[in-house]
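Across the two complexes that follow, chain A remains constant while its partner is chain B and subsequently chain C.
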Partner chain A sequence: MSAVIFFIAAIGAIAGAIGVIAVRNPFYSVLMLIVHLVSLAALFLLLRAEFVAASQVVVYAGAVMVLYLFVVAYVGGGAQLASGPVLRILGPLFALALAVELCIAMLGSTLKGISGKGAHYVLGFGTPRHIGTLFLTKYLFPFEIASIVLLVAAIGAVVLARRRRGLETMGEEQQEYRISAHPPVNTGTIAEGAGIRVPTPEQLEPEVEVIGRPRDGGGW
Partner chain B sequence: MIPFALVFYYEPWWVQIIKSLVIFALVFAILPMLTVYERKLLGRFQNRYGPNRVGPYGLAQPLAEILKFARKEPFRTVTAVGYLYRVAPMIAILTAVSALALVPFGDVQHIFGQRVGLYGIDVSIGPLYVFAFAGISFYGIMLGGWASGSKYSFLGAMRGAAQLISYEVSQGLSLVGVIMTAGTLSLTGIVHAQAGMWYIVPQIVGFLVFLVASFAETNRAPFDLVEADAELVAGYFTEYGGTPFVAYLFAEYANMIVVSGIATTVFLGGWLLPFGIHPPGWVDPFVVLAKMMLFITFFVWIRATLPRLRYDQLMSFGWKILLPLATLNLLVTAIVVAT
Partner chain C sequence: MGIGWFLAVSAIVFSIGAGGVLTRRNPLVVLLCLELMLNGANLALVAFARLWGGEDGQVFALVVMVIAACEVTVGLGLIVAIYRRQLPIDVDELNELQG
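On to the complex of A and B.
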């Protein structure tokens, strides 16, 4: 049973990863990445890491990828990818370097995982309680460092987003079109209908004051 | 790799299969009744009868509607993106139904000498499981809107995306207070921890935040901008008809049931009754269902009462009021629990 699930999830993960780089349309590329991430979550689940699997889906598939999809769907698939002679040489070089690095890392572990039976399952492994205890005792320092890095990133995002907004002051173009119009009376509000607010004679003249003027030839 | 049998489950596999079938059948029996319940209530709120032609009091209305929907011709727009257009409603309904497995309808019972927990599963990650499926259910909306190839659908899907992301944070944070008080993530554990007092009393702020965020998460009025019919025709399912449309409709109602179930479990004491009443075990599911119906009635009541928000109001409310409130509630709870 677990072998079947493993192969389904593993095929999903690999196919998704290949799909990300093989598909031309960025929208489908993001979808493939989601398939990959969900398959990874299934693999985590198979390893009894329930909390990691759930956070994988909540954070990556549920939040980060949503933003990716959001942007790609808005921008559309028409954007040309950056390309050029420099990238064409550098790209394979980087890929090769990464592959060599990964091979060294894998062979460096002397491939114990293939012949061994793996770690024993202990009751309570992978639960939030277990992970939380480890975070606050054994891995306290990395945990705090990661928290600070995340905080810096969050503040940085807010600062970057604020600078570009600039909606506080209206631009000249918008000011030109602003009109100050009092709500016309006798248009059938409840107060008028009930005779609570009787319009005075000068209110009966609707008063529309135009600041600036409409663009040439353009109607409202 | 560890075989599944090594892991501690006190139920044999066939009990789990029967349980999942029972929960599935129960909910899918309730879902059509909910549609007619909502329309009846809405009718009463608006001083009219609501559906009353098919069957006694119009109770057979959903049967007639499902028959009608099932016999519709499957169609799609010329601009639709083939298989994504078909897959999207399936994602929506699948994730909604999967989240149902977590709602506990009762404690562990002894049925024919077999220990059976009256819930789908009791996972150690509790509400995170629901949020994981809620995160994926977003793709049902997003892909449906995008693959329809229509501007209205696309706009509705985009609104849904922004809305779901914004309110998911507040919804999650509002539950953390309860989790800290109970000291466990397991939903049955949370119910047991409420034996003295339901969490609606000490966690009233968290409850309110959760309730408001739930309206947004289930795309219900007054946060139903996703399907704002005055501006967007019907939002992301504008181009859907027949059974795919029913899938979206049922997904919405199933999400309502899930949210009501979670709120019942986390804030209203699940199957517990006040004043120290301890009914026999078979009453538990009915208590939970009755409490869930309270929430669903509230959902309908709000829909009949409040007008739809504007989009910028929705966003600023979610980020500037709801999220700080949830965070404050979290901080205060943390301080109280720690001391």
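On to the complex of A and C.
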């Protein structure tokens, strides 16, 4: 039974991975990655990693992929270009060589348990209780570092993607005006009192001239 | 199932991700392929945790997932910034930092 589940999940994981790089539209790539992640969660369950499988589905396939879908929908996929001729041939060859090398390195190692089913299963292996105990005792420092890294990433993403002045087309009200008004008339200056200066009709209306938009303040 | 089967799957998934990083030019897909590589590594970690009989590998896998989430956040922020600057969304065109 576990062999059947393993082969279904493994085929799903590998097919999803191939789909991610084979599909042209990035939107479908993200959907294929969700297939891959769910299959991988099934493999985690077979390895008795219940908590990792659950967080894989909830955090990865749920939250992170929704973020991806939002960005793909916002950016719009971009140009669907193939890479240069050299990489298009060398890339798959490199991937194949890497797969062979990794398989040789891991399966050809002299680890005795690698063909077995793993260590003896004790009840409670991989449950949130054990994981949490490890996180708060033995791995407390990585746990705290991870929280700081999350905070830095969140702030960094907000700084990177925030809306800057000058990047978008501005509305009329944001344009800069220079109001070249003449000296105010009928305010009781000596020249007016002496009748030397008589206001003309256009002097009663201040002259408004658009001199341009505020300069682009952004740069990254 | 033997642990070796899981390790083989993880190696294949990692290699597919590496090939995708090399061959695709859309930075969104490159990020997705990075996710594939991290997931392959995660599968190997969990498989070795099962082999060893301790949860330490699973803790490591969870930390890798946290770092992957951070990487996605910053990467997608960069892509949105690239889009806002109306630069081409293409890793071959974005070569201003090339020496």
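One rule holds for everything that comes next: the second predicted complex is superposed on the first by the 115 of 220 C-alpha atoms of A that agree within 3 Å, B and C clash if a C-alpha of one lies under 4 Å from a C-alpha of the other, contacts with A are read in each partner's own complex, and residues count from 1 in each chain.
Rule of thumb we're sticking to: contacts are C-beta pairs under 8 Å (C-beta built on N, C-alpha and C of every residue); 3 or more make two chains touch, one makes a residue touch a chain.
Computed from a predicted model, the values in this text were never measured in an experiment.
Counted by residues of chain A touched, the larger count belongs to C, out of chain B and chain C.
Touch criterion met: A:46 reaches chain B and chain C at once.
In the superposed model, A:2 lies in contact with both chain B and chain C. Of the two partner chains, chain C is the only one touched by A:36; chain B is not.
In the overlay built on the shared chain, the residue A:10 is in contact with chain C alone; chain B does not reach it. Contacts of A:55 after superposition on the shared chain: both chain B and chain C are touched.
Of the two partner chains, chain C is the only one that A:149 touches; chain B does not reach it. In the superposition on chain A, contact is made by A:69 with chain B only, not with chain C.
Common to the chain B and chain C contact sets on chain A are residues 2-3, 6, 46-48, 51, 55, 63, 67, 74, 118, 126. Residues of chain A that touch chain B in their complex: 1-3, 6, 27, 31, 34, 38, 41, 46-48, 50-51, 53-55, 57-58, 61-63, 66-67, 69-70, 73-74, 118, 121, 123, 126-129.
Contact residues of chain A toward chain C in the complex are 2-3, 6, 10, 13-14, 17-18, 20-21, 26, 29-30, 33, 36-37, 40, 43-44, 46-49, 51-52, 55-56, 59-60, 63-64, 67-68, 71-72, 74-75, 77-84, 87-88, 90-92, 94-96, 98-99, 102-103, 106-107, 111, 113-120, 122, 125-126, 130-131, 134-135, 138-139, 142, 146, 149-150, 152-154, 156-161, 163-164, 167, 220.
Across the interface of their complex, chain A is touched by residues 1-9, 11-20, 22-29, 31-33, 35-36, 39, 42-44, 46-47, 49-53, 55-56, 58-59, 61-63, 65-74, 76-81, 83-85, 88-90, 92 of chain C. Of all residues in chain B, only 1-4, 6-8, 123-125, 128-129, 131-132, 134-136, 138-139, 142-143, 146, 154, 157-158, 161-162, 164-165, 168, 185 touch chain A in the complex they form.
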